[in-house]
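The data blocks that follow each hold one structure.
Look for chain A in each of the two complexes below; its partner is chain B in the first and chain C in the second.
And now, the complex of A and B:
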């Protein structure tokens, strides 16, 4: 499993995390090589978003154990914004609205902070506009949305496309897409999928978090993992997604180690 | 409240009265005398009075302010004035130094014959009669001692009169500057704007002064908007950090008139703005937008009163506050709907963003409704920056300070966006952003 040829982009070992006093991730292992797309599937509440947020650096999630290496370096001690500048991108399951700030303005500020971190010059505003318009076309996002406040009054599908647009502009090394497919109709799903596929690159890795197999017919993953009660309980090739679709998540629980009741924290009472 | 400050204002008055009587009309002299008598009777307000419960003017009452009688010759040159002006605003600019008109720093444009845009002192000296039906008719001295004081000591300021049907497209910019002085200076700027039937105009009032020195601006603006006329009024308060700024804007609106008002309060150690709008004509409409941004130990108070006196009038009010460090904000919004004023439509909102633990705000709506067929809505909120939004911005590579700045800027833009004069909006947004970035750097430095 350990890459002897290449160094993995992401290496998660025995990760434990809690939120609101409750342990959600309970010893999670995951290794991703550059160029790969991994799907993470699992029922609602299994900890998919928690994993995504822990990787992105949400301060509300407390890591209680394990380790995460990103491109060979410890990730957990790095601030949220530094992670983004180092190339981690999270497409939110529920994108946030930012009143008063246009997507174009915000995205240019983002790109510039990343460029600055790399010691590169800020992007020229005109060049930026050309770039963002080109990418917006790829995800078939109406250009007028670029000048509207971020996600404010956007439909569910428009918000998700905005996430993909941001990913395309910021060009991360590790992209985590948290249920980007949920709430999309089939046409929107295809657009989003083609945007993601266009981003596939030997230098880039992606984690596609999804609840349904549907997305994975358009974004064909290299690996599929099943998350249950805060652990990866099954991993396999793309066929695993189909198998899950057929048999349901209950099937994965059978051969997973019996978890403690999900509501009780994993600490001895004292 | 008795104080040294009051005694000084009272004892100086006879000499002032004699001096200005030389070139003012007699009717104004009696108005002045009544006003000083009223000021004497009222004294400075104290916190036992409901309207002054949260705003303590003792520091004003305690200070012996110096009244400037000679135009200042130092402190502000053209370059300094340019920095305060709005690049791209082409129109008339009238500059006042320590309350007195400065012809050197002002810039006049050709306007149609009957239009009056001049210093109040000149208008009172040359042709005072046309002012008589309006001056001191609307801003009442009875209740507010600061209005009384301004009325007693009124000497200069601006007189703007737009004749029937005339439309002045370019903004008229009034710039009130206090110069650095060894003594704490007081000015009593007085502005009279009369928009006659069917006319249109835009007036911008800016106030600014030197750094940390104490000084006192006590301004009164009277606005009369006749039938079908439209006035766009924008006030930008950028006084120095040591300043006291007390101002009343008193507007009187007739049938089908429209006023768009902005009150932007950024400066001063203590600021109190009263905006009183009387909708005394059917179909009249006023929109009151406001923004206050405070830091350090600044205190900014807005008291607004919208009096719906006739049927079918509309008022839309939206004030926002951003309060940082140990600063305090006060918003009191009163709406009166008189018995006859059926079909009134009034909406008020006040939203506040507290950027630090030490900042506070008092917000209070007050509705007095005597008509039965009306639509009134109001709402007030006090909140902090949204954590989820901060997180979202940080996952895009923005540091905490920049994320806070952007979110706050977004909150504020809701107000600045409504300013219709593009160069003013642009300049104000630049100012606000620079200020938020400065605060961010300060926060990070701690």
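And now, the complex of A and C:
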């Protein structure tokens, strides 16, 4: 490799993971360069959220094989919060409620933990409020939500906007958006997409998990991957999303190559 | 890579708490031998130069106590208490007749309270909080007594009040909690040693918070304090109470009685941060905190508000209650009770509605960690004449881990058809999902737990005076502190 060649932000090799005693990821490969937006598509239950959770370090998922490098370093030995502080952000498919803690307070604590990790000065409440209000405007999020407990009583769309708001404030290096589009009407979808597009940056990479092509007309990905039975079975450019929409996921299953590692009995070898 | 279920383990580690007030002060004490009989009571009364009516009252209480059995209905378990092995009076030895002014207080005492974060130096105190410092069986100092005296507020140790204001003591003592009330209240009435007395005269809004800090120091000694607060018509006072004790392997008994009285349009706000030694991680030692606290809204439009943060003690048995006699009177109870390791708490309130249009609010937050057992027990009673009375109760439990327990026993008695009651209850676990969400945003496991717990207690903390709220939040953090895996 020459020095001029770009270093990937994320390199996943042969990743295997189990949850609830069941193997979900079965040898997954994925490489993402800085500046790129990758879409991961796949039917329900194919392992998209599992991948997102494993990358973010959820301890309920047991990694049984493979390797993940984040900015050239082993990621799997790093704790959840360290990963977050190092710039990994997960926009949750199902954002969690934290009663009694205001959205603004939570987000400031979060930002400060990241700033502190970087050896930077913590942000004071006044500067923070200015910052968060500016970002809230971009995702057209009602400012009154900032004073309400995190996600408590938020509508589905408000929760998703709150995830995007947090992403915009925390400015991650690797953002993983897990079905941020689901449950959004078209206007909300456009707002979320424009938020994501505004975050595109040569230093940043994004993984957009979705099972509809719809979002990808607003967030145009550099690469599209199809996840099936815990592996990437097809990768291509943005056209792949359209092809999928047309032909359905069944089409990718037929093309599915044989798994490299020992197979489970429920996956027929071709 | 860690597996599912590790968060339970992490919480276990987190809840290994450290008690920061466990030191012992080395002082010469003047104590009576262990054991209880009429002579001991006479001795205590004589040491305090009490008027005859009080000795008589104590003896009546003692004789009644002899007919009672220790109550067993609370959801708590402990070995039998040997009442004959307890020392009922222990006081740091006074140089002369006890300190008459702050300058005469034993420097060792000042240092002890200083170490507990309670400065008895009036000049050094930041804000308007007057303190009565009680060490074992006696009050060692009361600050701002003179300043408060200028506006007619009496704030002094109970012993001083008995000597200087016997008519007020005779009038109000036992008027809310009679000596026949219950086993521990009877015992307290017989042997109580000190505590605080506050009297707010008509129309006075007490300009500073009044507070008592209770410290148990001597071994094998029971602390039986008595607090009496009287708010005359149209007056207001905010009173704070704090407490700590050394770490010892033996249990120690603390059986206090607190009585509050509000006349017409008066208001008492009573806040407690209870941090008695809770025992160690194996459940050895700790204070048995068996307390009777009750307020009587005697006058119309009067209000009594209890706020408590209970993090200490091996066993807590305590139901700060309100008797709503005056029409339109208001009773409130806001409580956070945390039980960790082998701590047990059975706490709640009684709201007795007697007057018309009386209202009460109950907000109870129980947090259980480790093997802790947390019980809410409450009674809302609407009397026949309590027309249009209202109650709102909310009891929430939060479980940290899977070895602890939460229990709720709400009792309701309604004697008229115009009363309205609302009750809400919930039990939740700190979820893996909540912790993961916080940690994914960069917060440490410890900060995440602390944040979730603080959020859970928000409605109660909001009721505490500023200074106390900050202390309470820190205390919860410390009580859940430990090494994070």
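Basically, the second predicted complex is superposed on the first by the 253 of 270 C-alpha atoms of A that agree within 3 Å, B and C clash if a C-alpha of one lies under 4 Å from a C-alpha of the other, contacts with A are read in each partner's own complex, and residues count from 1 in each chain.
Here is the rule we go by: contacts are C-beta pairs under 8 Å (C-beta built on N, C-alpha and C of every residue); 3 or more make two chains touch, one makes a residue touch a chain.
From a predicted model like this one, the values you see are computed outputs, not experimental measurements.
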Fill in: Combined model on chain A where chain B meets chain C, clash or fit
clash
Worksheet item: Does chain B (first) or chain C (second) touch A:119, or do both, or does neither?
Response: neither
Fill in: Touching partner for A:72 - first (chain B), second (chain C), both, neither
neither
Fill in: chain B and chain C footprints on chain A, overlapping residues
56-60, 79-81, 83-85, 89-90, 92, 95-101, 106-107, 109-111, 113-114, 117, 149, 166, 170
Fill in: chain B partner contacts - residues on chain A that touch it in the complex
56-60, 79-81, 83-85, 89-90, 92, 95-101, 106-107, 109-111, 113-114, 117, 149, 166, 170
Worksheet item: In their shared complex, at which residues does chain A touch chain C?
Response: 19-20, 56-63, 76, 79-81, 83-85, 89-90, 92, 95-101, 106-107, 109-111, 113-114, 117, 149, 166, 170
Worksheet item: For the complex, which residues does chain B have touching chain A?
Response: 386-389, 391-400, 402-403, 406-407, 409-414, 417
Worksheet item: Across the complex, what residues on chain C touch chain A?
Response: 1-4, 6-7, 431-434, 436-445, 447, 451-452, 454-459
